[in-house]
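A short write-up of the structure that comes next.
First chain written, first letter: the chains are A, B, C, D, E and F, and each begins at residue 1.
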Amino acid sequence: MIPGILPLLAITIPLAAAALILATGRHMNLRDSVTLGAAASMVIVVLAMLPEILAGGRIGITLIPLLPGGDLALRVDALGMIFGIVASVLWLLNSLYSIGYMRALNEHDQTRFYFCFAIAIAAAIGIAFSANLVTLYVFYEILTLITYPLVVHVGTPEAMQAGRKYLAYLLGGGICLLAATILTYTLTGTTEFIPGGFLAGAGAAALSLQVIFLLYLGGFVKAAWMPFHAWLPAAMVAPTPVSAFLHAVAVVTAGVFGVVRVAGWVYGVDLMADLNLGVLLAVIASFTIITASLFALAQDNLKRRLAYSTVAQLSYILLGVSMLSTAGLIGAVIHIPFHAFQKIALFFCAGAVIVGAGRENISDMKGIGRKMPVTAVMCAAAAAGICGLPPFCGLVSKVYLTIGAVQAGELALLGVIIVSAVLNVAYFFPIIHTMIIARPSDDRALDTVTEAPLIMLVPIILAVTASVAFFFFPATPFLDLAEIAISDMSGAGMP
Amino acid sequence: MFGRLNRSALVAVIFIGIILIWAAEDMPAYGDPKAPANEYAAQMYIDRTPADIGVDNIVTAILASYRGFDTLGEVVVVFTAGISVLLLMRRGEGQ
Amino acid sequence: MRENVVVRTVSRLFVPFIQLFALYVIVHGASGPGGGFQGGVIFATSFILLLIAFGLPCVRGRFGRSWIRAYAAGGIIIFAGVGLTCILFSGNFLEYAAIETALGIPHLQTLMIDIVEAGIGITVMAVMTSIILDFVGKEEEEPL
Amino acid sequence: MIWVITFALLLFMIICALAAITVRDLLHATIILAAYSLVMTVLWAGLNAVDVAFTEATVGAGITTVLFIAAISRTRRCSED
Amino acid sequence: MNAVISQLPPLLIVIPLLGALAALLLGKWNRAFAYPISLAMIGFQFAVSLVLMESVMDGDVIHYYLGGWPPPLGIELVIDSFNSFVLVVILALALLTAVWAHKGADLDIVPEKKVSFFVVFQLLITGLCGMAVTGDLFNLYVFLEISSIAAYTLVAAGRNPRSLIAGFNYLILGSIAAGFIVIGIGYLYIATGTLNMGELAVMLPAHYGQTTVYAAFLFMMIGFSIKVAFFPLHLWLPDAYTEAPAAVTILIATATSKVTAYAMLRVIFSVFTLQYVTDSFPVTELILIIAAIAIIAGAVLAIAQDNLKRMLAYSSISQMGYIMFALGVANQAALAGGILHIMAHAVMKGCLFMVAGMIIYRTGFTAIRQLSGLSRRMPVACAAFAIAGASMIGVPPTIGFMSKYYLVLGAVEAGEYLAAAVLLAGSLLAAVYIWQVIEVMYFGDIHDEDLGGGLEAPASMMVPVIILAASCLLLGIFVELPLEVVGPAAAMLLGGG
Amino acid sequence: MENLLVFIATRYIYIMTIILVMIGLYALIAKKNLVKKVIGLNIFQTAIFLFYISFSDVDGGTAPIYLPDGVSATYVNPLPHVLILTAIVVGLAITAVALAIVVRIYEEYQVTDEDGLQEVMKRQ
């Protein structure tokens, strides 16, 4: 086989699927099976690349020369592989779930929905496998625009308002990213990702490098760090599979992925440390973790609470990066998939509640677990995972982060992690309590509630199972990949 | 008459006028035979027309031969104007 | 237009002379002031005079709309045709000298220039007449 | 040409131009414009540009005036400014 | 074969001219003849322009002496990489517009007028070709006037009586501009005694510093700025674009404005040379400031519009600011971006105006708020609008992104960080005005139920739109192809050649 | 002061031409009546033509038509004459189109001035 055909295939499969979806839009079953088939084949394609990556290899392909400093080129490495696996596997789960959800609620414009979804996945995979900043930027912008129809899918004025906010933040971010890319190119003459970074050799002034890093951070506003997080809770008006997509599969993941990429492959750990960028990142991340957790406490709408939880959790990743230590970075990298699997389960549960009970506010969910036992239990499990309880994989990444904080000698960061763990419990426990333990306000309140259809429950169970599995076998494959990625980017000399 | 002057238009026009007069400063004096405009190409036309073309009227020689393409353009302008007036004024193609 | 015998008679007298003068101006262009453009305009004024004296239908009768158009196009075709002929004689566009050399006839250029001037004159005459007719057309007849 | 004549012609043209744009009656303005063109013709003939003078005589004082009058006869003769 | 190619430059203009005459004469006989002839002639011009581009791609320059008279005696036609590129772009657009206009002209032109409409349409295109290929300043003016008179007429020729007023204002401002250009040409002639651009470039340095040359530069710049509708001098543009017949709007917005911008760049870089411009005026800063204001103000005004065509018109003012921006930065990357943007803007604005025309053709809607839910009635047209709109915003990998990327790159290389920021902000504003249309189209409710289901326009209008939308994407992805011509063209301009 | 006098004495024709250009331009911009604008356009254009012709003249020159053989003379510069011949025609073409539009505007709106047009527009 031609080397490099696999990453190309990984992008073309969803694109082809998108075209097929448009073509078969009239026939619902055909259309949905196209989505499922494409998702499944994409998982296979991505996993087929895994052995070579685990062996320390890379798969690259240059498609076309695009711009000075950046051909449209794909390169799969360990870090990209992690994101690639997350996106492709979760797309499969999400497709299954969406089919159940969209059919159960009899949503309009389903063809448009699946079409955009498929292209968005292609863009996410493109981000994961991009070999340079230009390619990253291209797919990043495509992802922004193609998720817009998903966000405003319901079409209400509120949704349109949210959509505008979404676009304003993300397009603004995209422009920052473009500016940063161009500045990087003019400084160094390249935008190719190089393990350990390439900006150090540019000989630019420290101040300008710091400014460029700020631009990058602005660019990765998809990571929803505060105070530029408002688009994420606003986007909650979207159908639940979209929320799951935003929060777990692709969008925010793309944001934090970008931060890690830039930190490790453009700046390099040493340069980051020299420029005190770690401290900057740490401040932002700590602020976001604490504030977002507090915000989450105040939300009654389940999806909004989950949204703020995402904002907080994503900043764990930034926090890990900011430590600039091996364990911290590993923690950051593996938190990407682990958080994704758990958060997607939580959103699936929230969607199941909407489908099964038609309720969105936590205060309305009293005793709902009696009628929806599977959903409630899975919800509790996933929440526990995010809180960092065993036996769920969230613990693994948190342990690494803690070790990283100690390694870096930043006890303040340790404090942040501990405080936020407490807050996590504080905002998740009431959900579990209301759903499982609390009694319904009156007897007839639960009459209309039924368990969600099986096709929606299966993905939830699979996601939770995965998160348990990763607790026991973290090394397959994420921890191994993360270690490869970190050794790539740091080499020696890191605490 | 002066009560109806449009002030902003007047300012714009005077501004243009000032540039024009300023430009006239470095222009050759009126009727200067040594001016570049009257020396280079102009003298070539005057010297070469009898040999090249052989008509008495230099203007015609330039018009129809040296710069014949301009004249073709000019005729096309006239033609365009004719069709334009036809297109604008008449509701139909007419007879 | 009011019936006016004097105007009509004088016009009828003058029109041929004006047209003759126009032709003279066109032909004379090579050796003196004047040329296709001026001649064409003068020719057009003869039609304006007719228009004033006899009204639109009379002019239309002599000089129908399709004829005007044919003349307008014809003048340009003559001009461009001369230019293209030069290409056929392996010169550049409008390079009269090429024909002269190819055919070996001296002073052919003067003839070419006269032809070109005639072309200009025809087009200008036709277009000017057409524009004037368009401008006054409304009074005489309801346009289609 | 003697500069005094040139100067006088130019002065006359300026007056004509001012009058053409100020008189209210458009027909008068048109006739003044024709006069302006005729003076221009004389001036150009004096400046040795005989071909151009010829053209201006036929076009500026001739066809243009006819066009203006035709247009005015189909619109309104008086102007507000 | 070479003998044929060497004769192509004048044929590019003369043959279609004769074609227009034939269309007029045969159209008198049978109306159906006029359109195919026009189309064939534009197709011929497009083919010729491709051949010409192919033959100058490797850096050759074709000089064609009309009448065999070398400059300064005669008029010279020059074909080099820059103008052959512009020719190909505008003729491709003109061809597509002509195809579109086959049905699209029904909208505003009564059937009896169609023959003369297409004749004038073709004369406009021929005038533009002449402007593009000529190497002589006064000849440039003559062809400018051919295309301008045709453009005034076409703008005013619609059924909509408001188009008359727009056309008249366009005529007045256009004539002022042309007058200024003639004054400028006169000054240059006074200073040097020649009208040939190549000779002027050689002879002018001896006269740098003369007020006459300064004034020539100023007047030509003011004149061209009015013609191109650079920001403070744009007053004719919104009305003209809005009220003109749809097909004419497309042609003017794509071909005319681009060729005029080309002529302006030509005059600045090939006649005056960059050195002169930067040495004698604080002009780069000034142009950058005006460009920045144009980009922002045009976009803000576009956001405020409710009429779709008017919104696109203001967007054009903003987008022409990008080309001006390239002038202000004037380094290799920025100029390449600017030239690329000439093409990019032609392609995407052509597509947008075509869709706007199709919407009017099918529904009669002109206001943005009326377009609610249109994507369900006209899915292909709306998809094309979305793609071209994305290109206008500058979303990768569209062509609009590529040109913007080069412009920003050039600005950053020149150290104009603030200007680069304005450019990026401009694309954000573009997102706002494009997006408010897309939002309404795709996510609005259908207001007018009795319009019924499928409203997709006829195929002859659809095909050009699809081609343009596809080229927004494909030219962006395969941007190397245009860059092969654009890069050398920018280098040539900077070299003063 | 002396410089100024020399300037005026040698270039008075340019200055008066400039005044004509300004008058035409003013009418073109400021006059409300559409026909007046076209009149202004004519003045503006002819003034520019005069400018061209005035710099083509040479002291002691004669018109650029060859005198009979053997008579030598200084001829004035013929090139601007050619250019202006072309430009006059162009000007005529523009005048014709402009007046045609004015007539059509009058047919549609029964007004020929900008104020009236604005009123009509407002009423619509």
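Methods note: a residue touches a chain if its C-beta (ideal position, glycine included) is under 8 Å from a C-beta of that chain, and two chains touch if they have at least 3 such contacts.
Here the structure is a predicted model, which is why all the values come from computation and not from measurement.
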Third chains touching both chain E and chain A: none
Chain separated most widely from chain D, comparing mean CA positions: A
Core chain by centroid distance, with centroids computed from Cα atoms only: E
Centroid comparison with chain C (C-alpha atoms), farthest chain: A
Comparison of E-F and B-F by number of C-beta pairs in contact, larger one: B-F
Chain C and chain F: spacing of chain centres that average the CA atoms, whole Å: 25
Chain A and chain B, separation of their C-alpha mean positions in angstrom: 68
For chain B, residues contacting two or more additional chains: 20, 24-25, 27-28, 35, 37-38, 41-42, 45, 56-57, 59-60, 63, 65, 67-74, 76-81, 84-86, 88-93
Set of chain E residues in contact with two or more other chains: 10, 14, 17, 24, 28, 66-67, 112, 138, 142, 145, 149, 152-153, 156, 183, 189-190, 195
Residues of chain E defined as touching chain F within the complex: 138, 141-142, 145, 149, 152-153, 156, 161-162, 164-165, 167-168, 171-172, 175-176, 179, 182-183, 186, 189-190, 195
Residues on chain F engaged by chain E in the complex (per definition of touch): 21, 25, 28-29, 34, 37, 41, 44-45, 48, 51-52, 55, 79-80, 83, 86-87, 90, 93-94, 97-98, 101-102, 104-105, 108-109, 117, 121
Sites on chain C touched by chain D in the complex: 25, 33-35, 37-38, 41-42, 44-45, 48, 128, 131-132, 135-136, 138-139
Touching residues on chain F, where the partner in the complex is chain D: 12-13, 16-17, 19-20, 23-24, 26-27, 31-33, 35-36, 38-40, 42-43, 46-47, 49-50, 53-54, 56-58, 61-65, 76, 80-81, 84-85, 88-89, 92, 95-96, 99-100, 102-103, 106, 112-113, 115
Sites on chain B touched by chain C in the complex: 52-57, 59-61, 63-65, 68-69, 71-72, 74-76, 78-79, 81-82, 85-86, 89-95
